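Two complexes are shown next, each including subunit A; its partner changes from subunit B in the first to subunit C in the second.
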Partner chain A sequence: MAVQFGYSINKSNTIDMDTAPRAMESYLLLHEPSFARCIGCGCCTATCSSGVFTQLNLRQIQLRIRRGETQGLLPEIQKCMLCGKCQMVCPRGVSTRNVVLSIQRALQLLS
Partner chain B sequence: MKLAGKKRIWADYQKEIPQDNYFYVRSCIRQNFFPASEVTFLRILRQELGKDIYEHIHHTTCSGIGYHSDVIPLETTMTVVARQFALMTEAGYENYACSCITSFGLYSEILETWKHFPEVLEKVRRDLKAATGREFEVPKHLAHASDIIYKMRHEIASRARYKLVNRYTGQPLRVVEHIGCHYSKMFPSKGVGGAEYPYVLAGMVEAWGGEVVDYPERRHCCGFGFRQYLVQANRGYSVANTQKKFESMAPFKPDMIITNCPGCPYFLDRWQYVIAEMEGKTYGENGFGIPVFTYEEVAGLVLGYDPWDLGLQVHQTAVEPILDKMGVAYNPEKKYLGKDGQNLGHPETPAYSKVY
Partner chain C sequence: MATDGQKKVVVIGGGIAGMEAAAQLARMGYDTTIVEKQARTGGNVANWDHLFPEGRLAGEVVQQLYQKLSPVRIITGSSVKKADMLEGQYILTLADGSVLTTDALVVSTGFRTFDAHRKEEYGYGIYDRVITSADLEGMLNEHQPLFPGRHKGPRRVAFIHCVGSRDEKVGNRYCSKACCAMAVKQASKVKELYPDAEVYCFYMDLRMFDRRYEQMYLDAQAKSGVNFIRGRLSEASEDLQGRLVIKAEDTLMSKPLKMTVDMLVLMVGMEPASGARSVAEMLKIPVGHDGFFNATNELLEANCSGTPGVFLAGTCTGPKTIPETIADARAAATAADAYLRKKS
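Up next is the complex of A and B:
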């Protein structure tokens, strides 16, 4: 930049669903169709054993996947201990454990 | 764009614009940003259309910038505005016409306040009398200067030397019209066409031969917004607003932008240079920006005024592409000559955005 302006252009927080990368979501819907039933209620996060000690938040992770915001997802999903308590309380019967495992596989395939 | 539906909506928001006898007040910042616009407005009304328009030497700021930046309380602003109305009353006028969009919004806000709270009006009358000895009448009509040009658009079109038509293709120029937020977003009934479909500039563009471009962020703010610009560190918000508009309009390939606000043409013009310097991106044809004009400048071009008399040399985004498309005659060697023939100096050449 030839000129120093003393500020920069703020990046927009707008999510354009027409252009957002949706490959992760498509992979999950294919390999764990119950993911489509998630209503984002957050029961999984409220009961999360790992969430007691870390910032793991499965509700937020599914939201990020739906928005195509998948950067930095691997260290988040690796916090899961696969205890399955989230699956027991899910009111929509989502196989959350398989969702977590599928996310890990998708991250390897899509990276 | 389904014009039938829009015309029905526009019909609900038609305001009464006086035909003649205006008390005119200038903008604080336009005289620095685009100094020839207000002169051109007066020239068109007085010399072309033979209207009576009066300026008072003692007119001051309306204090709108201070009010919208949270440094002046509304009560003080009301008394300042009451003094402007006193000047109008003393000069024998009833039709108040202002150059600035923020002033227009502020006057609309104050007149509405006085209408609903007459005790506030009486207090302002007492305060002004005590402070200055002046008395005032509330204007019979309040018009923004663009309302007046809108009303006279067909008369201007009948005298047009040039049209908003691409002389190379014969097609209408594609024009983005950008309305200042304070024109009708606060008080939709005070603007021609309301807040959502303001017609004031679209009407000019159509009357002068152009084609209005509709695009997703058409009603988005230019990014000025006072507070987010006044602090340097916050200017990223301002330029981000402008960038959002340009990203939205660029696919529709507009030839030019017409505005009716002091800040909008300035920011849409200058931020194109900043975006080009920061990100190397330009939005016009062949590496140029999209030329930005005030409505007075466009009216002046249509009437055949010399582009350098219209002050187009102070635009940062090159205006020559549109002059060439319209076929406007201009002398490049006189671009940076003052009225007395002295050289005004040549601006530095930017690294990315192309200039003539």
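Up next is the complex of A and C:
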């Protein structure tokens, strides 16, 4: 049996843009071009009906997709009720509801 | 040539501020002379390529200003070494020993770009593929290929905002104002020339203050596909292939981020022109901690130096874009005119 010294290697916390998977980002840019207009203001997150009770953060989900950090996205996006409030407050006219729907579709296609 | 009783104005610095002020003063009937230390007028703008916000050619803008200078005497390759006030007139001694007398002076000595060597952790002057925004303007102007030789395939370029600005480490606390719009302009231009390149802007805040700048930002995102990452670069290093590895925090993700790029463009800020301090001493112009000239009242007399007959125009009082510089130059000409009218 191998001796255990109690050391382990931590997974890197760094976003490495050289290896980041960008397929989800490309899918969204193609199917909902307004996705490119987000300025990360956080209005969508602030108004989110679901975010009051859950960790749903649409601003951050969109940014994570742009940085290839897409692991664990499905349970996150399932918290959205598609109420559309976020779309009403977005100052850049991002079609946030369709962003959510496109993420769901992309998750099915890419899984 | 001066006619009898015609009052005289000397403009120190023949950048766009000096050119516009001189053209206005000549139009008002003053005998006007520009003293420019370089071999040509146009200042920094003469080195640029396409200008934000609408992409006008810098060469054409300078040419349009130059066409208004026919009544103006232009002395290039010289500077004022000594100024003496005698009976309400200035007696100026130039570098070659010649003497000019004048009733008023407009100082428009402009700016120099921040020397990026001073930000050593970014590797300017150490790694080949680190250039400044000013270098890029020159390369675009001369239609040089941006990625000569070596590896094929899509390239990656990163633009770094605030290099030499908003940085106590290099002694510059202020914002250089034009470089956010400039980065968006240059990033979009690179995408236009190399559509499959990946282009990133690393910013702390995007200061897109003009009516047209937010549109440039939106177009850069939605039409050109430029990527924006909020975070200031900590360092750059070279890998074995000669590409650059850069590190920053993606502050909206709260995570460190790294990427390899083929070119790093440093958005160098504006510092007072070299020699501005000696001009200030010679003409008793107050100077701020940052080296830019201070007007007597930055709100209502932004062109008055406090020294009778000495007026300030353009970026010598702080960073400005081109339209701001032109408006400021016109205001300086008006202030000089008001002074000269009162003077018997």
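Rule of thumb we're sticking to: the second predicted complex is superposed on the first by the 110 of 111 C-alpha atoms of A that agree within 3 Å, B and C clash if a C-alpha of one lies under 4 Å from a C-alpha of the other, contacts with A are read in each partner's own complex, and residues count from 1 in each chain.
What we mean here is this: a contact is a pair of C-beta atoms (placed from the backbone, for glycine too) under 8 Å apart; a residue touches a chain by one contact, two chains touch by 3 or more.
All figures in this text were calculated on a predicted structure; none of them were measured in a lab.
Visitor: For A:R67, is the partner it touches subunit B (first), subunit C (second), both, or none of the two (neither)?
Guide: Once the two structures are laid over each other on A, A:R67 reaches subunit C alone.
Visitor: Touching A:I9, do we find subunit B (first), subunit C (second), both, or neither?
Guide: The first partner, subunit B, only.
Visitor: Hey, is it subunit B or subunit C that touches more of subunit A?
Guide: Partner touching more subunit A residues in the overlay: C.
Visitor: In the superposed arrangement, does A:K85 touch subunit B (first), subunit C (second), both or neither?
Guide: A:K85 sits against neither subunit B nor subunit C.
Visitor: Across the two complexes, find the residues of subunit A that touch subunit B and also touch subunit C.
Guide: After superposing on chain A, subunit A residues 14 contact both subunit B and subunit C.
Visitor: In the complex, go through subunit C and note every residue touching subunit A.
Guide: Touch list, subunit C to subunit A: 218, 221-222, 225, 227, 230, 250, 252-253, 255-260.
Visitor: For the complex, give me every residue of subunit A touching subunit C.
Guide: Residues of subunit A touching subunit C: 13-18, 29, 33-34, 36-37, 40, 59-60, 63-64, 66-67, 69, 92.
Visitor: For a test of understanding, state which residues of subunit A touch subunit B in their complex under the given definition.
Guide: 1-3, 5-12, 14
Visitor: Provide the residue numbers of subunit B that touch subunit A in the complex, in ascending order.
Guide: 232-237, 239-240, 243-244, 274-275, 277-279, 350-351
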